[in-house]
Every structure is written in structure tokens, then in C-alpha cells.
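Listed next: structures, encoded as C-alpha cells.
You will see chain A twice below: alongside chain B first, and alongside chain C after that.
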Partner chain A sequence: MHNRISARGWLLLLLPSLAVLGLLYVGPVINLVRISFAHHDPQVGVVANYHLTNYLELIRDDFYLEVLWRTIRLSVLTTLFSALLGYPIAVYITRATGWRQTLMFIILLMPLVTSVTVMSYGWLILLGRNGILNTIFLWLSLIDRPQQLMYNETAIVVGLVHVLVVFMVISIAASLQSIDQSWVRAARSLGASSSIAFRTITLPLSLPGLRTGALLVFVLSMSAYATPTLLGGTRYKFLSYLVYQQAISLYNWPRGAAMAVLLLIATTALMALASAYGQFRTIRSRARLGSIAAEPSTRIVRSAA
Partner chain B sequence: MSYLRVSDLEHAYGTHRVLEDVSFSIDEGERLCLLGPSGCGKTTTLQVLAGFVKPNKGSVEVKGERLEGMPPEKRNIGIMFQNYALFPHMSVFENVAFGLRMRGVEKEEIRKRVMEALQLVRLPHAAAKRPVQLSGGEQQRIAFARAVVIRPNLLLLDEPFSNLDARLRLEMRTELLDLLRNLSIATVMVTHDQEEAMAIADRIAVMHRGRIEQVGTPSQIYSHPASLFVGRFIGESNVFDASLRTGGGELIASVEGLGEFSVPHNPAVKGNAAQLMVRPEHITLSSVAPAAEEGRNSAYGTVEQHMFLGHRSEWIIRSGPHRITVWQSGKPEGDLRPGDDVTLSWPKENTLIVPAERAHA
Partner chain C sequence: MMLRLYVVAFAIFLLAPILAISAGSLTETSFVVFPPQGLTLKWYAAALEQRPLLEALGFSLVLAALSATAATLVALPIGLATTRYASRLNQFVYLLTMTPAMLPAVFLGLAFLIGYSMAGIGGRSWPLVAGHIIMTVPFAFSLIMVGLATVDGTLERAARSLGASPLTTFLRITLPLISWSLAAGWGFAFMISFGALEVSLFLSTTTTVTLPVQIYTTLDWSPLDPTLTAISSGVVIITLAVLVVTARLVSMERFLQRGKA
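So, the complex of A and B:
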């Protein structure tokens, strides 16, 4: 069969998407980086006079650093809880069939298709001072007066996990689906109980899905805007809110751009760190494995000689 | 007392009955093959032995110990899976070592036994490789090493050759038989391939629709099939509807349009309706009518087709409403061409009768 596509053919096929990406993504990002070094004049706006002042100011700004640190910290927590919650759900989804599987997906996708306004009312009803949770706790006499359940960091994490856990579930489920049940059976027949078979076979083979899911959730939560703004209130802000404030409310584009670039750098650096750590571990385990296998075979060679 | 005893297994998936009254037993070191078409219940039987499927009824005993309710990991049964099921994230060494690790065998001992097992299958140099780096035949040998390194009480082989190409299949068949003979582990193998079953097994259990139709040595099954299904599933057969009567102290089967033949008794046949089977390789062709011979049956027909197939010739003979397939390894007497009249003859003991069923069931 002759259906190979030449290099030029590939390029031609890629062209539309490359054009769109270049026009709508790469160009603006380059421009963003450029503006982040520009001078801000309250009267004129962006002035093409480039310096590092925007960055230096940000690095010295305690409030900014606090928000950056909160964004990173809460994103890591969100990723962690999404993994812990998402894994069992993914296992359930891969084992469930028919309407149960469909129902589970609908429940998971609901927050993604619900508008932010509707969701904010939902949280108010649930977590507000006169909300369902406070009413129940009062009625059970667990508390003696209504507590503030919204507008704190816990609420941000709960909200982000609620919205983002679906990405974790889908990527873990895809990974689990590719695991052949005969591997698990083989492990069982060789003496592994079902929990040991899970630990030695299913879990390690689903790690790629877990990794992809963690990446997605982390990136999405680092750049989340609506949920943290809604549930964090005025005191607990996320970085994306500060960027918005600078660029839209204060018209300080250079400062906003510098914040955005720093957010981008922080996210990329953390991801690179995580992937480097992952690679280091695989290399180490391969090396260890190699030594186990190499020793006896050299011994055989020696005994044969 | 038998080493493995399987009694009265019954199982159904929903309303679909997959096992009915399945019983067999094997002796120490014996190799039994469950043979049958797909959906006959052979794989379910294997799953029951392994502990992956809990049967609705029936029992499994190994060395007098009942296995009911025992989880797979406690049964000490080695399984070679159809797709080998080698763990992709572990090296060959780790794959083979897995069962020993689970048993808490000491590290030095694991190393020794894994390397012994790898040498047994002639792949000690593959220890550090990953399963994906191995060929199909090598993967199978590793799967075998992994299954036997734990010194199992029972070895289960699930369609061991189905994932290999035709050439390799023959090679591995000889190799596996050698390994099994050397280790002499009680083995239950499942296959749909009659040749594989006959090559590997000491005894064959032919399964059909969830039941065991016949258990016996390969030659018993081949020469004395208990049912039409067994006769047709193993080897080729010419099958005719026949009616039985006794005449002159002999059992006579008459086939309309073909003739009357004296046949050996088959206790499975009740009543006087039966089916008569003659295997193509048992029939001799000749252009001149041979003198009626004691202990031989004969019939007459016309040559319809002749095919030269290298190691044998295949002839299609028309006789009244019947078409008969005949295989000859040498040249038949005289020069036969399509349209020539011909005499077919075959020994009485190779004329088989089985209980009547619908001919094309």
C-alpha cells in the first residue's frame, strides 16, 4: 500500500493549526513578555522603554509573593486531593458498566458545564452563614453559632477539587482501561492477594495516567480565576485575580504582564521539577534492576569458563 | 487415588449454562487436555481450577484437599495465560521472581531459582530485558518459566500456541512437550486445536456445550469416538445415516444407497438408528473389484475429483446420493480418472457407529 505522506505533505496538513496557534497564541505570548519589560505611564499606558523594574518591584512586594505562594500551595493541595479522590472514582468508572458509568460521568462533568454564577449560588446555599451545612451543624449542636465556611483557603481547595477532579478521573481511567486483567490474574495466581496485586501491578501501570491528570489539574488550578475569586472572597486571592486587577481595573498592563510571566515561569518550573524527579526515579530503578540481572549472568559466564 | 479430581462442576452466566456435570481426574504427572470449540466451557473449567470463577456447584480437589473458597493466591497453581500476561513494567527476571517474592523466598534463593528456570527455557541472557523486547516464542518460554518456578501443584496452560505463527507453533510444541516431560507436573491444558491436544496430552477430554463428551487417550478418541461430535471434531470423517440390525451373530449397518456393512459394537448406541463413520485415510481404492474379504467392508462408486496434495492424494467418490472423501498416500491400483468406476474398501474395525444425531448438528 502506498499511502505515506511526504514531509511537505505533513507540513501542509499542519499549516492551518500552526497558523492559528501562531496568530492566537505564540504572538500574544511574545507580546506579553515584551510588555512585561515595558514602562507604565498612568497617562499614556504602555511606553516602549524596556527595563526590569516591573519584575524587581514584584519580587520585593510581600503581598504579591504571598499570593504567588498561596497559588502554588493551594494548587499542589488541589492536585493531591484530586488524585486521592479521583483514583477510587476512576477505578469505579472502569469497572462500572452501562447507566452507572454514564451517571458517574454526568456527575463529574456537571461543574464544568455549570456557569460560575449558578455555582456561586450553590456554594452560598451550601456553605453560607445561613447555609445548609451551618443549619445542620447547629441542629446537631456541633457548633453554637454559625461559622464562616466560605472565603477561606479550605473553601478554595474544596471548590477547585470539585471543578477539576474530572480531569484526574478521566486520565486515570484511560490508564486503568489499558491494564489487561490477565496481568492482575497472573499476579493472583503467583501468590499475590488482591491488595498486593493492586500495589504491584495496577498502581504502577496506572502511574502515567496519574501523572497526566496531576499535570492537568495543577496547571488548571494555577491559572484558575473564577472559583478562587468566588470562594476566597476579598482576603484570599489567587494570582490570576491580581493579574486581572492590574490589567483591567488599574490599566497597568506592564505590571500585569510581569505577574503573568512569573506565573508562567513558576508553573513551568514546578512541572519540569516534577518530571525530572520522575525520570530520576525510573533511571534509578532501571539501574538497580540492571545490577540484579547482570550479576547472576556474569556468574554463569564465569562458571562456564 | 487421583491427584486432581474435578467432580460435577456446574456453572451458568445468567441463564446461559456453560458447565454441566463436568467431572474428570488426573494422576500425578499426567497431562490432560480439554479440547473443544470456542464456547464449549473449557476456559471456564480452567478458571474454576485457577479460582477466578466460583462454580455454582461441584468440587475441585488437589492431593485430596478441597479448593472451594480458596482464593487464587493460596492455590499454588501455575498458569500460562493465552496472551502470556507478562508484566510489562518488570524485567524478565522480576517477572519470573514475582511468585517467589510473594512466597517470601530469601533473596539469594530467588536469584538461584530464577536463573535455573531461565536456563531451563534457554533464555538466561534475557534476564534484564523487558517483555516487549522479546519475540512471541521467547515470551512464551518466559511465561512458562514464571509459571513453573513456584513449583506449582498443578500447571494450567490456556491455548498455549494460539498467539504464535504456524512455523513457531510446531517448534514450540516440541519444546513445550520436552519441558513438560522433564518436569512431570500434573498439567491441564485447554485448546481448540485437535493436533496440539493429541501431541501434548496423555489423555484428552473432548468438551461440547458445557459437557465432557469423551475422555480417553488420543488414539482411543481417534479410533473410537463416543459421539458424532467427537468423531467430527477430531480428524475428518465420512458420515452416513444408518439403521442397525443383527444378522448371523454380527451387527449389520445398512446405509441407503451405499450398502450393508458389518460393524463393531458400540455400547453408546441405543436402538437401531445410528450414524456410520469412515475416516478418509482408512479407505482403499481400486479399479478392479477385489474378492470379498473377511473383515473388510466395501462399496462402489464413481470417481468425481482427484487432487494431488503432495504427501497424499484426495479423491472425491460419488456413490448414489453420497459423496465420499478418500485419502491415499500411495498410488491406487490401476489408472483412475474422473468418471471411472471404483471399488472402495476398508477394515471392519475402522467402521465406526455412533449414536444418531442430526447429521449437520
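So, the complex of A and C:
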């Protein structure tokens, strides 16, 4: 593919695009970080007097920390549920063929590409006091009066899983599809039950996809704005909402910028932590598997027995 | 069998809010109830008379088309350069192009708001256009990369060795082969821009309101207004149309190939 190594051609081709990205994207991002250290004066606005005050104030603020903790906690839950609920769908989507596959693909993408506001509005109709679920529950006599199903943390997690699960499914499906099915057949022919073949072959080989999916879902959930705001109501805010409130409603750009930077740092740090832990686990299990890999057939037959 | 039952249940979960909106928009009552009381299309007619909603819809469509086109034009050369030239900086360029999709939306929104207004391009709709271009570039880019990965390099080399210039090779060989991925990338970028809320919330002014922003702010005032349901299901229909066309262009296999490429 690389028939000719020409630095000039490479640069000429890239120059216009890089200029657009540099001016409209990299510049504003660096500027945001700079502003996060600036001082906010209620009369003047941003004052170019840089220190760590914004950050120090934030990490001492109990309300901010509470919202940060909620954002992290519910994002972890969203990631877990997306993995559990999405895995079987990924299995189905790799097995299905033709229109079934296309249809499932479109259904999965629907929540993603439909505006989040529209989607949250749908949940309001479903979960509200006069909503569909309440009507059904009343009709089934499961409850005797309408319950408030919206405006709590469960509703936030349901809404987040709903929009983000597609990332999990596609990531897992991509790695499921690259698994050589003859391995599974070999295991089965050697007497492994389908569940053992799944546990010892398919599941470990799909872990890279599971990991990618988990990272994507976690990152997107940490930065979610509309779903938590509309489904969580006034009591259960996410970090993104605080950023918006600071910058737009309170017009405090430096503090809002500091919050946005901290949100990014928290997300990246947790991701790095999770992937470091994942790597540690892989190394350990590789070391353990090394001895077994010498005779995989005996292992499968033994566990089948 | 169990799996198939689960898949159906899961599909219902995914479609439930969308179906609720569509069903809710057909009610006779002046607030959304379920099941809808009587069937009528009057709220669609009412929505067509709501000037702010219609203006926002028109603005969103233009904005999405504009930013998707610009995003495709920005992403295509990056795709070509990083796949057709060997450079140690390719990895860096790739990351630079993809990161807007990974950064928190409010982080981007605030960076754009502060950056653009300090640079003096605030006001009017330019900040929104610029922000939406950056935000949608990664999505156009990832589909263009899928397209470029499927093109057999020997075809391009053959054209070059027969004396075609790089430009001719691109126009006659590469472009026709990847046109489907350009179209799909454009569609994907369009949908992302059309549905985007956060970045638009930061950059919208009173005269430039996108549809998601308009719906979001109206939701605060009158949550169960059936006109809102009507316009929302209108949005769903537009999105679904673009999605079906895009999904036809990119089969599931092609999409998953990306993981292996």
C-alpha cells in the first residue's frame, strides 16, 4: 500500500485538514485548559491571573464531590449492565444472516442516532406518573396507585444503557466474528458441552471486544448530559450538568472550565486504572494458562467429564 | 430459542421509547396519555404551525448537511494520507482526528464557546457550524477508513505504474471504489449533527436554535405537549430514513471488518 514514501505528498494532502482541526479544535481545547486556571471576577469576567484556586475549591466542595461520585458510580453500573445485556445480542448478531442481521443492526443504532432529547422524552411517556408502564401495572393490579418511576438513579441507568449498549454490542460482535469457529468445533468434537466450549474458548477470545466496549460505554456515560438531566430530574445531577450550569447560567467560565478538565481527568484516570488492572489480570492468567495450553484437549475433555 | 426470545425482548426495550413517542402523538387529548384516546393526526398539523419548532427543524437540517459535507471533506484527505503514505506521525494524526468523539461533549462545547468567542467568531451561526464540523469529523472518518481498508492496493499501484498521476489514480480508481463509504460517512455525520444536543446548547444563540435544543428547552416548560411528540416522531422518521440508507451502504460485515483491519 505504501508504494512511495513521500513526506511532502503526505503533508500537502493533510495540510488543509490539519489547519481546520488545529484552528477550530486544538486551539480552543488548549485555551480551555488555560482558562481553567484563570480567575473569575463577577464584574469583569475572565481575569488573566493564573493559579490553582478553581481546582482546589472544587475538590473541597462536598456538593461537587457528591455529583462526581454519582457520575462514576452510575457509569460503572451502566457499563456492567451494558456488558451483561449486550453480550447475548452480540452473539446473535454474529450468528444471524441476511435481513435479520440488518434489522437488528438498525434497531441497535436507532437509540444512538435518535436525538437524546427525543429519546428521553419517550422515557417520560413510558415511565411518567400517567405513563405506559404505570397504566399496564395498574391494569395488572400489580400496584394500586401510579408510582413515580422517573427522576431517580435507576431511571438514569436504564436510559444510559438504552443509548450506549450499541457500542458494547458492536465491539463484542467485532471480536466474536474474528474467532475461528473450527476451534469451537474441535472442542465440541472432543466432547465439550456447548457451555464449556463457550467458557473456555469463545468467552476468553472475545475479551478484547468486551474491553473496548466497556471503555466506550464508560467514557460516554461519564460525560452524559441530556439523559441524566431529563431522567434524573432536579435531584440527581451528573457532572456535565454542573459544567453547563457554571458556564452558561452562572457565567463563570474559569470554574466551568476547571470542572470540564476535572471530568476529563477523572474519566481518563479511571480508564487507565481499569486497563492497567485488565493487563495485570491477563498477564497472570497467561502465566497460569501456559502450563495448561500444552495439552488443551485433555483440559477440555476433563472439564467435560 | 432462548436467545431468540431474549433478542425480541431486547429489541422491544430498545424501541419502546420511540414507539411511545409515535403512539403518543396520535392521541386526541391535549396531553400525552397511553393508550392514546382516539386516533388523530391533528398534532402533526399543529406542529406544522409552530414557527419556532419548524425554524429549528429547518436550521438543524441545513446545519447537519453543511457540517456533514465539510466533515467528509476534512476526513477524506486524512484517511488517504494515513493509509497511503508511511509516516511515523500517522498514529498521531489518527488520534487527533478521533479524539473529538472521545472527549466529553460539555468539555468540547465549553471549549468551542470560550475559544470561538475569544477569537471573535462568536455570534450568528458560524460557531455552531465550526463546532459541528469538529464533532462529526471522527464519525465520517471512521467510515471512510472502513472504505479505504477494503480497496485493493494493487489496483492503485497498477494505475500508477501505467503512468496515471496520483490525482488521476484517485479520481478514476480510489474514489469510485470508496464512494459508498463517503456516502455512509456523510450519513453518519449528518445523523450525529442532527441529534447533537450538548455542543449546540453551548453555541446556540436566540436566533440560532437547533431542533434538539428547541425540544430540550420546550420539555422544561410543557413536558406532555402532543405537538412535541408529533415533531419528535417527525425527527425519528427523518433519522430512520437516513439510517436505513446508510445501513444499506455499509453491511454489517463491512462495519465489523474494521475491528480486524
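FYI, the second predicted complex is superposed on the first by the 259 of 305 C-alpha atoms of A that agree within 3 Å, B and C clash if a C-alpha of one lies under 4 Å from a C-alpha of the other, contacts with A are read in each partner's own complex, and residues count from 1 in each chain.
The criterion applied here is as follows: a residue touches a chain if its C-beta (ideal position, glycine included) is under 8 Å from a C-beta of that chain, and two chains touch if they have at least 3 such contacts.
These figures come from a predicted structure and were not determined experimentally.
Between chain B and chain C, C touches the greater number of residues of chain A. In the superposed model, A:R185 makes contact with chain B only, not with chain C. Residue contacts after overlaying the shared chain place A:L210 against neither chain B nor chain C. In the superposition on chain A, A:L164 contacts neither chain B nor chain C.
In the superposed model, A:L74 lies in contact with neither chain B nor chain C. In the superposed model, A:I196 lies in contact with chain B only, and not with chain C. When the two complexes are overlaid on their common chain A, residue A:V26 makes contact with chain C while staying clear of chain B. Contacts from chain A toward chain C in the complex involve residues 1-7, 9-10, 13-14, 16-18, 20-21, 24-29, 31-32, 35, 85, 88-89, 91-93, 101-102, 104-111, 113-126, 128, 130-132, 135, 162, 165, 170-171, 173-175, 177-178, 209, 219, 222-223, 225-226, 230, 240, 243-244, 247-248, 253, 256-257, 260-261, 263-264, 267.
The touching residues of chain B, counted against chain A in their complex, run 50-52, 71-73, 75-79, 81-83, 85-89, 91-94, 98-99, 102-103, 111, 114-115, 119, 124-125, 127-128, 146, 150.
For chain A in complex with chain B, the residues that touch the partner chain are 180, 182-183, 185-194, 196, 200-201, 204-205, 289-290, 292-297, 300.
Across the complex, chain C meets chain A through its residues 3-4, 6-7, 10-11, 13-21, 24, 32-35, 74-75, 77-78, 80-81, 83-87, 93, 96-97, 100, 102-116, 118-119, 130-131, 133-134, 137, 153, 156-157, 160, 166, 191-192, 194-198, 201-202, 211-212, 215-216, 219, 223-224, 228-229, 232, 235-236, 239-240, 242-244, 247-248, 251-252, 255-256, 258-260.
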